[in-house]
Amino acid sequence: MIDPNLIRSHFPIFQHHPDLVYFDNAATTQRPQTTIDAVSKFYSQRNANIHRGLYSLSTDATAGYESGREKVKDFIGADTVQSIAFTKGTTESINVVANSFLGPRLQPGDNVVISAMEHHSNLIPWQQICLQKKAELRVIPVDKSGELGINNIGDFLDSKTRMLAITHISNTLGTINPVERIVEIAHKNQVPVLIDAAQSICLHPINVDTLACNFLVFSSHKMFGPFGVGVLYVHPDHMEDMLPYNYGGGMVTHVDFHKSSFMAYPHNLEAGTSAIAEVFGLSSAIDYLNNIDRLEASDYVHGLAHYFKERLAEVGTAVVVGSPENCAGIVSFLLDDIHPHDVATFLAEENIAIRAGHHCTQPLLEQMGVKATLRASFSIYNTREEIDHMIAVLKKIQKFWA
Amino acid sequence: MIDPNLIRSHFPIFQHHPDLVYFDNAATTQRPQTTIDAVSKFYSQRNANIHRGLYSLSTDATAGYESGREKVKDFIGADTVQSIAFTKGTTESINVVANSFLGPRLQPGDNVVISAMEHHSNLIPWQQICLQKKAELRVIPVDKSGELGINNIGDFLDSKTRMLAITHISNTLGTINPVERIVEIAHKNQVPVLIDAAQSICLHPINVDTLACNFLVFSSHKMFGPFGVGVLYVHPDHMEDMLPYNYGGGMVTHVDFHKSSFMAYPHNLEAGTSAIAEVFGLSSAIDYLNNIDRLEASDYVHGLAHYFKERLAEVGTAVVVGSPENCAGIVSFLLDDIHPHDVATFLAEENIAIRAGHHCTQPLLEQMGVKATLRASFSIYNTREEIDHMIAVLKKIQKFWA
Amino acid sequence: MNDRLKALYQKVIMKHSKQPFHFEKKIPCDHIVVANNPVCGDNYNFYIDADTEKIGKIYFHGFGCAISKASNSVLATLISNQDWRDAYQYCNAFLAYLEHKDGADQKPLDPAFEAFSAVHEFPSRMDCATLGWKEVKKFVETHLKKEDIRQ
Amino acid sequence: MNDRLKALYQKVIMKHSKQPFHFEKKIPCDHIVVANNPVCGDNYNFYIDADTEKIGKIYFHGFGCAISKASNSVLATLISNQDWRDAYQYCNAFLAYLEHKDGADQKPLDPAFEAFSAVHEFPSRMDCATLGWKEVKKFVETHLKKEDIRQ
């Protein structure tokens, strides 16, 4: 059983702001003390640069960094630690795949398929490489409920499709896409699949081995880990295809002035000094996640979203945007015709932190016929009482605005 | 006056390893408690994502992040805060300039000029863009002392030169290049200049306004700040020329499925969630540096290097590699024909942390006629006593090897 | 509702936001000035008639929060039919008032500014209140510069 | 010199590193095996004569630390003139001995391995001691696979 109050006690932000109702977990989660300590302990006790040092601080830092890679590998069920590259985050991971993998194999007339619910980070990199290579970007639409017509996905794929990039969970609508089915359909058509796990990695157990996706990307800061680091998983089939992205120290075998040779993936993608302390922090966040039952945790959080939608029905003309059957702990909604920014400002005055805006999904909102929404996104430290509080405040706002 | 023992007390690594002699500051510096606390305090008390939040945690985080930009601006004497983009580090900053600025204006037959003492990070990005665009990479050689013939630099520049990229301080030889003169010469030839300040930013006051360089790049982790963040300074003349590098959230004005428009520099280069806590840490590191007299500090550190070279003369056949007149706190050397790795292992057993290898400057070492060196690099927490200790150990090693 | 909120969402603002002045896509017109904030999604057009002497009527239309709508409504009320230099002075004064520049918050050039006195306490909402004014100010500035050159 | 160092830089190692066995660019030869560690810069070539039955003489040359040089010198001593399968077994046994695999550190296949028993205590030097063995093992493996296919 998830005990939100126990969990809350692990997150020092709530000691510091006892009244904080933090419903902006889709933007970034809070960090448990253990993550924070892992970072500061690294700097206080183990700090050194990695890979080339012969003294114990450096070999120890190197071992810790590489064991972070191992930990990520186990966390997502990858076959080999060589599959895991550390990046700056989801956004960089996707740009790397678009440029280092797809770019060289994309011909004029080819196409790339995404869905209409993608975050800008899983849209623009594909859009731009398609523009550059005169390829076509195809977009699987969403229906009114905020779902993809899974049965039609096959229709978007053909022998010229070079990539299908799709989010596991919509950061705006909460839709959980049936990624297993999607990968199956894509592979039937010989199309490689990138899964954007930014929103799912925290509480949804993912196993890349059974999922069989070709690429998986996510950010540490959305899973109780530090900012500044993320992951790119590349299936062993494609590891040799990954070209370098940035050039610099730490990714070469031999350099002379007029030509260089590069290490194999993942090292060829880790040019320059890595976010070393951040990898220690991410390792610790994974330890934290491994210590909770993530199936229970996601059930708990989905339950909060469900409860919130139920209670929202009481608030007169409030409307939920999208109603996917399979829905994560993320709810977009509108309060009458009050602009989301005004509502968010009122909520903020009551210590309720939620987002208002387009959530980096402008085209999706356009499809849904809205310009901006309020978005409440829940995590394991949130409670029904907090939701009750928000509902009460929403009612007050409505009254004030009437 | 620099009091190394006082300074040492600010760096918790030395409480934890009282016997540690840390002479690997060119690889990464240690962090003062204030930097470490700034990061953990951010996570414990102020953590939120920036830019789009309307609640106070987020507006406060945004303000802190942007005041970090302001602090960097003041630290390097930039005219406007718009000049400062946050990147992953020096390596990424250089790759950005090579691709987002230089790439589109580099024609077949054009050339780019670097020096022979560049770190791989300030070499390979230029080499690769030149290979791709059929342009020429010209290399200003170093002489036996490890200096550039400053009087000949003009000879390398012509009307086809599109960039001069040069390091302020050599990370291998310690050479301090006369960057003011170099910028002058380049500008007389209408050539823009990128200065790699990775090694100088910590203790050498730099003013981009008087230096008048076009680009300046450096990493937080080499100036007492966190890993995972660095800086790209772009002169206002070129801000409009900077194309996006990664695409994603936070850098767009309008997005639809088939085309996007982007914000102006620096925001168009900060796609995805930034290293927010790391910027807070970097701000705090700059506060730390602003509280010491950096001219005195660099004098002190150069004095340590000078003292080390003097004492090294006692150690029989030890040789210093390079003897630049103007030398920072970095010394490369060899002990007889004992391989640097063996020496470094012996030193490590006596708690002396130094690097052995090519220091990401393979072509430079080739020019100097060596394959690897030992490198001692000093900072303000180092002392002459530590150097005495190292000299004693070097003598022991020599004896053992004899 | 706490006092801060009451100060921000004053009656005047609520009224302007619910019944904005000259809220209409007025085409044709002499000039269209776009006020667009990509970060929050606010998006307005100002439809401006003007001759060399002075600005005529200003209409506006678009999407944004109550604060931005009220602020643009007040803009349309105050700047319509102003002489170019007066319009410039008004824009400057409004922005200075909101940003507490040089004690400008003490004495508003126009009493209508006072409805926005609390925005300063909500840094995240400053853009909402100032965006339209900034863009219209730029438009007026460009005209004045051309004038200066011509003279 | 502490005991750890004395154990690492034993007399045998110092001797091999100062006077390596078959340290010579032996060209022509049947095969050249490259052992290159980009991280530390170690760079050796093995010059190997061999027929279908067995490996002949192994020479080596290149640049690296005392540990790597001694390790490659021992390799040249032990693997020269071995039958292919024995060579493979030796390489495996040496690597297992150093990596403490399945208690392999208990009983070395060859007493010459013992000089390297302390390397395990210096994780950053493991690559130095194993690089050459790993590359030669790969070379032998490739030969054996071809054999298997042929049979």
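A few comments on the model shown:
Residue numbering begins at 1 within each chain, and the chains themselves are lettered A, B, C and D in the order written.
FYI, a residue touches a chain if its C-beta (ideal position, glycine included) is under 8 Å from a C-beta of that chain, and two chains touch if they have at least 3 such contacts.
Note that the structure is a prediction, hence the values are computed from the model and not measured.
Under the contact definition stated at the top, the chains bordering both chain B and chain C are A.
Among the remaining chains, D is positioned farthest from chain A, on the basis of C-alpha centroids. Rounded to a whole number, the gap between the C-alpha centres of chain A and chain B is 31 angstrom. Mean C-alpha positions place chain B and chain D at a centre distance of 39 Å.
Inter-chain centre distance (chain A to chain D, centres taken as mean C-alpha positions): 46 Å. Counting partner chains per residue, chain A shows two or more touched chains at residues 52-54, 58, 252, 254, 341, 345, 356-357.
Those residues of chain C in touch with two or more other chains are numbered 39-40, 124-125. Those residues of chain B whose C-beta lies close enough to touch chain D in the complex are 338-342, 345-346, 349, 356-358, 371-372, 396, 400-401. Taken in their complex, chain A has these residues touching chain D: 51-54, 58-59, 62-63, 252-254, 263. Interface of chain C with chain A (complex): residues 1-2, 4-5, 8-9, 14, 39-41, 43, 63-67, 122, 124-125, 128. Within the complex formed with chain B, the residues of chain A that make contact are 12-13, 15-17, 20, 22, 24, 27-28, 30-31, 33, 35-37, 39-40, 43-45, 47-49, 52-58, 88-92, 94-95, 116, 119-121, 123-125, 127-128, 131, 137, 139, 219, 221, 226-229, 246-250, 252, 254-260, 271-278, 341, 344-345, 347-348, 351-357, 360, 362-363, 366. Put simply, chain D touches chain A in their complex at residues 36, 38-40, 123-125.
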